[in-house]
Amino acid sequence: MDVVSLGETMVLFTPEKRGQMRYSRSFSSQIAGAETNTLIGLAKLGHQAGWISRLGNDEFGALVRAAVRGEGVDTGQVIIDGEAPTGLLFKERLNEREVRMYYYRSHSAASRLQPGDIDEAYIAAAKYLYLTGITPALSPSCRESVFHAVEVARRHKVTVVFDPNLRRKLWGEEEARSVLKELVRKSDIVLAGISEGEFLYGTKDCTELAGHLHREGCGTAIIKRGELGAYYSNTLEARYVSSFKVARVVDPVGAGDGFAAGVLSGQLDGLPLEQSVARGCAVGAAVTMVSGDIEGLPDRRALASLLSAAAEDVQR
Amino acid sequence: MDVVSLGETMVLFTPEKRGQMRYSRSFSSQIAGAETNTLIGLAKLGHQAGWISRLGNDEFGALVRAAVRGEGVDTGQVIIDGEAPTGLLFKERLNEREVRMYYYRSHSAASRLQPGDIDEAYIAAAKYLYLTGITPALSPSCRESVFHAVEVARRHKVTVVFDPNLRRKLWGEEEARSVLKELVRKSDIVLAGISEGEFLYGTKDCTELAGHLHREGCGTAIIKRGELGAYYSNTLEARYVSSFKVARVVDPVGAGDGFAAGVLSGQLDGLPLEQSVARGCAVGAAVTMVSGDIEGLPDRRALASLLSAAAEDVQR
Amino acid sequence: MDVVSLGETMVLFTPEKRGQMRYSRSFSSQIAGAETNTLIGLAKLGHQAGWISRLGNDEFGALVRAAVRGEGVDTGQVIIDGEAPTGLLFKERLNEREVRMYYYRSHSAASRLQPGDIDEAYIAAAKYLYLTGITPALSPSCRESVFHAVEVARRHKVTVVFDPNLRRKLWGEEEARSVLKELVRKSDIVLAGISEGEFLYGTKDCTELAGHLHREGCGTAIIKRGELGAYYSNTLEARYVSSFKVARVVDPVGAGDGFAAGVLSGQLDGLPLEQSVARGCAVGAAVTMVSGDIEGLPDRRALASLLSAAAEDVQR
Amino acid sequence: MDVVSLGETMVLFTPEKRGQMRYSRSFSSQIAGAETNTLIGLAKLGHQAGWISRLGNDEFGALVRAAVRGEGVDTGQVIIDGEAPTGLLFKERLNEREVRMYYYRSHSAASRLQPGDIDEAYIAAAKYLYLTGITPALSPSCRESVFHAVEVARRHKVTVVFDPNLRRKLWGEEEARSVLKELVRKSDIVLAGISEGEFLYGTKDCTELAGHLHREGCGTAIIKRGELGAYYSNTLEARYVSSFKVARVVDPVGAGDGFAAGVLSGQLDGLPLEQSVARGCAVGAAVTMVSGDIEGLPDRRALASLLSAAAEDVQR
Amino acid sequence: MDVVSLGETMVLFTPEKRGQMRYSRSFSSQIAGAETNTLIGLAKLGHQAGWISRLGNDEFGALVRAAVRGEGVDTGQVIIDGEAPTGLLFKERLNEREVRMYYYRSHSAASRLQPGDIDEAYIAAAKYLYLTGITPALSPSCRESVFHAVEVARRHKVTVVFDPNLRRKLWGEEEARSVLKELVRKSDIVLAGISEGEFLYGTKDCTELAGHLHREGCGTAIIKRGELGAYYSNTLEARYVSSFKVARVVDPVGAGDGFAAGVLSGQLDGLPLEQSVARGCAVGAAVTMVSGDIEGLPDRRALASLLSAAAEDVQR
Amino acid sequence: MDVVSLGETMVLFTPEKRGQMRYSRSFSSQIAGAETNTLIGLAKLGHQAGWISRLGNDEFGALVRAAVRGEGVDTGQVIIDGEAPTGLLFKERLNEREVRMYYYRSHSAASRLQPGDIDEAYIAAAKYLYLTGITPALSPSCRESVFHAVEVARRHKVTVVFDPNLRRKLWGEEEARSVLKELVRKSDIVLAGISEGEFLYGTKDCTELAGHLHREGCGTAIIKRGELGAYYSNTLEARYVSSFKVARVVDPVGAGDGFAAGVLSGQLDGLPLEQSVARGCAVGAAVTMVSGDIEGLPDRRALASLLSAAAEDVQR
């Protein structure tokens, strides 16, 4: 495996109509999970990606497994749990600027993930372990699993990449801050947004935030600046990377997951970090151009076409 | 109010396609609840029906309330509970003879119904209290609420009508048998199916089952015999009522709830019991002729048209 | 033109769901008109067919014209009427045996058809004038138009073919009987169903009904006997024609219009009457095998395939 | 009742596709009625609202009643009329700036509303009688009913609120101007748009228009200025209220009805008029943010969220 | 006939969702063909238009013929070819700025069009022969057919109108340039876009391009300048025509075909060339305002409404 | 791998409506391929299955790969061919007994499969090589690939299983008969239907057919008898196996592929041949109970539930 991750993927239901969801009589289903978004992004670019999780022994679990596996992600480590259902999520698009989520995920199969589910050899054989701050918020056993995975990775010199991905609804502020910082400390690369930086270290400034991350012990800090692009720093260099322009942001959800896929893909291809971050910006932008988390993730052909179009824009 | 009932109503999602649900990408939503089916059946026939329940303070709660209220059922007693979500239900139609249900109802708002939610005056002013054996299976507080409602009804001479409506998935056999029998003992009229009779009293025989019910103290026993019609007995008479013929059973779900609506409607109209039971058969049959629990419930015009069509059939 | 007809064609809306129409939120649209059904059936079999009518100067008029013209029927005689809307029709499929229609056709453009709309030369150049008993029921001016068309046809030796097509909702019994009989008297060929025969002449017997029609002056009587096939008689012969077997009747509406198309097509091809009637049975049967009035009308290839399949069935 | 209104509500069909409606084969249905929009807006905000009207004894009447009642509006005064159908409406969205309506409402059940349908006690017990200029345009008996309702309200000191809501298609200019002015004279509060002011009094100026309204005898004039907000004046004060900003107007239809609901809601809550008008702007704006007349009407939670979001915008 | 054209029309499938087509499970079908777009535009404006082509003897051929004929275009010259299928086309809308086409048209029925299919008398009786540069790219026999049609037209003094409509996917650059120039030389009127001018004559300048076209022997050059409007020149005059403003371009495909319809319609109406070109701009703009190639083509009423709206805009 | 197969899988489009396909405007897409049906059936039952094929480098190829891989079949041997498109298939359901297929598969990517695409080691490591008579009919290179695969299998003692799966549309009778017989001769197990037996050896008799197969050198003959069940014979035994009863056959397509999956699954589980054939009957029957080729293929849980239901039926 090139990249291994662990976390929950749910079935997402979207009502056909915008406005209060009570008026919709028809819903479409997709899968939704931050970690699988990144893994699928990697698989579509030709990398080997593997997923550790639990799914219910039900039709929704079968749906999630088939969708993730169909995209080329290894699901051999996914446990089918006969005791709990697969989690669900409803996405109400109130209007063009407000979205409200309704979760049916408490006590889900994935929330029952536990350290014993993790095959040490599987992580040991990977180049990167990718984690988000969502999984430790799901349950105590999920949190233990995340920390256990980190221990395993560190023991085997697997690079740990962490995206705090703060979800305030899932846990209290104090607990969130403390756990996420602990994970920062154990990570080699951290991908953080400005608002997460503010939450964790009280600063909205890129360079200050990177400084905090470095002081925590994280070697490489990559700061996502939204429409402004990104910033990164490590022991060798510190640089701003400009954003990738899109005609119109149709659906911003999943951009961060695509960003992570792009950065990791660049690193796996042996690119200089600056180009990896630029690829992260491109993949993240591609995700926002269509509705859905994975529908916009590019394959190699689409990535090449995106980058060449952008190059043309620069020349004009 | 003519009839008051209490219980849970959920949002039901049905996949567009038959077969394993994993292959569906589109779902339609409706409401589903045994008690509201019966109350809506009564309201469509012009009776006054009232519903006691809890709904989540969410869009699904708003949907359920609007649908039930839109049909003319009084929802003034329904509590909007900010602490728990509205329950959901997915119905997988595997093939023409197998259906599988997936529930997301544990810890739902309705399962938090408690005796204090019940307004004594509201029940006292009703002619009938209608109960099913589903509600006491939802949670301890639901069970207490049901028994509390029964006490209130008995105190105020409100006729208690009970349909055991056995749901094995919701509780253990022993507990179910004991609670349902206890409710039989406190009811004036019991509407039971053959398989319920077998579960409760070990007999598949109509007259034996009615005998058991009478011995428990229930004055009127009405036995649902499916395609064979019905049987009833009380202190005055005991009779078989023939079934109402339908071209083709499209969806049997909800037939029992429609039967209850028909019987109660007949009683409210002052019909002889035999004719009330016949109306129950007709309304139950009408429900099976279309997909959905409430879509086939007749209004007065449709009921008249059904009964006259049946009369013609007899004359031929 | 081989066949010319006049009458109203409406836009038909069908709710997506069976059951009471109030529960549907989605409707599909098609066109619906007895005369255009027959004309389209003829055009699909390669005959020249022309339609005389009025349509509103609105989108529904444009839709009807494009659909009829697209099937190859000449619409050069259709008047676009700026003063009245195109008629509409809603079809509620209550269950597998009951259908209820809701019309929005009073004061429609077609109901304003008048004798002056009819181009004498257009009818004079046709081989057949095909009429149904629906058009004279729409309005006084429609009735006058029908009788005017008949006069024109008779003057120019154009064969008049008439299907009473009784619609009780549109007019009173006495008036209907009187007008339809008057049209029988002016027709060369009458295509009637058993129930129409009973309404007009008080008999359910084929041969008696044919006798009545002949006594009125109609030379050829063709009686539609539904699943039993057909019967015909003229001055030369009288015969029963067996029905065309179908696997399952999906939608009986439009069968009579297809029957007329088949009979006329056979006559236009110079077949013996027996074979024309048999073709009528085949085309009518084909219509019932799928949902919709025109979707099942066969082209030459499909007709050949139907007839050869039937021949095989006979040989077995 | 807090607010009572009378008028027609129809079933609205919208084709799935933009462009000429002839190309759509699928339509979705909703309800559409200016007065029920306002009443539903009030009910969603927790006020008691009641509707006086007629509906056909058909499925579309059942649909309208269930939808209005489901939203919590009292429909006890709605008469089911067996003699005439429920009105229909088709909405062709030609492109992003042109909409064309096709009505099938002449001779509808609602157009048969008459003074005798109005229960004096029902209006007498209300705080406000809300009227629009649409209803008097539907038929002579509708006009009489409106004036009768006004008389009843005035007799019982019920505040009369009037929105001219000019519909040029429904009646001639002279008649419209004369009747609408007559209603202005009998109203306590008038809510008018600039174009209506121009039509009635020949001025596009807010303060001049308010002056005209006051001179007619109307105590409170509230002028809707679209994207510019609103203006109001009475004997105490005269003020501009700024508009409520929205990300993008998706569907402007129904904004005025929402405005009325917001103003009345504020008054019922005992707010100063300025705040009531501001609430009117907020509710009206909310309606435009989603497709549909009622889908965007806020409940208390949504209203609070809207107002706090707006407050934040101001602080920035 | 006013205008005759020849070329291929296919069935176009569009996935329901934007983004990579692999994620769509539902597709809608329409027809797509540059020449029929123009012919339909002419027919909707009341002109006589005729189409020469081949279609497969299959359901897709029947669909194309019914759609084109339904719009009022004469299809009497269309040959049903039993040896080859009707061509198909899938349109993937990757995001708001990228579209990708997938063709299943090689060896299609239309690619088998040959000179012998062309009825000399049919073209001789027309006022205009309209050709695009797509047809000669389909196959050698198509190319011969186009040149044959041109010869016939010239022989009978039928005005030849040519739109190069360059499709790079269909043939090599050298061949395309050579054939298109040859067709320019044989045309009376050429409608060209700037990018086509660059491809053919190496200039992006309107007047230079017109000069090239005149030097080739084409009397009237009309240059399409997209959002900037158009330019035309002939022996009498040379002028810029301003563009027709639209609220928002929803789908630019088909605008050029609509432009051609507008120009030809103006000429057929005997308008001065400037006004014909302006009508071309208006019709082309109307096409872009809705999704689909023909759904936005105006009829006379819509054209009048467009032009009067534009006139109002100018006056403000 | 337990079972390896090779063949073409296409994207199948099904119109939403029954009847002539020209009337449908909406199509749904799925995958369709006899060999992948069997492989998916095996994977759903927990066996290791691998597929050898070619797909176009287009979205339809991506769709097919994701669907097959998502079900758990190994697609590591599938070649993405940049030179040819993925094949398509349209399925017109004319009525309840007639289906017509329209193929766009000539020159497809899969038809370019060649012997060099086959990795000897991949087949050598399998327990079974499963082949159908469709693949050799696609192209000469496909035929060579099939025979090459057989040679490889025989060399490595991999059991060859063959289903003639006669498709008359794809090749001539003589050629088909000769090639299929040649494959019978090289197979260890043949699964044949009665009509195939008649085509190949001129007998409709089970035992005679089995005799022919044995004389050709095939050790195990399994004859599919449709609703009558199956028959098998080898050197040890010969027996009839009764069919698996279904409520209603909804869609018979894919039943044979499911049968093969069931038989192979039984053999892989080490069952006696009789039980393997019975499992084949059960899986085949399950496929026919829902629409679609793979939607009815059971997983272990569903298979157990099917078999226990059948056992109950027997006991009654």
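Letters A, B, C, D, E and F name the chains as they come in the text, with residue numbers starting at 1 for each one.
Note that a residue touches a chain if its C-beta (ideal position, glycine included) is under 8 Å from a C-beta of that chain, and two chains touch if they have at least 3 such contacts.
The structure displayed is predicted, hence computed values, not measured ones.
Common neighbours of subunit B and subunit E, by the contact definition above: A, C, D, F.
Set against the Cα centre of subunit F, the chain with the most distant centre is D. Mostly identical positions are employed by subunit E and subunit F in their mutual contact, as over half of the interface residue numbers are shared between these two copies. For the pair subunit B and subunit C, the distance between mean C-alpha positions equals 47 Å. We define each chain's centre as the mean of its Cα atoms; on that basis subunit C and subunit E are separated by 40 Å.
Touching two or more other chains at once are residues 20, 25, 62, 66 of subunit F. If you check the complex, the residues on subunit D that touch subunit B are 57, 62, 65-67, 69-72, 299, 301.
Residues 13, 20-22, 24-30, 58-60, 62-63, 66, 85, 88, 92, 102, 104, 106-107 of subunit A are the ones that touch subunit B when the two sit in their complex.
Per the touch definition, subunit A reaches subunit E in the complex via residues 246-248, 250, 289-292, 295-296, 302. Subunit A meets subunit D in the complex at residues 17-20, 23, 94-97.
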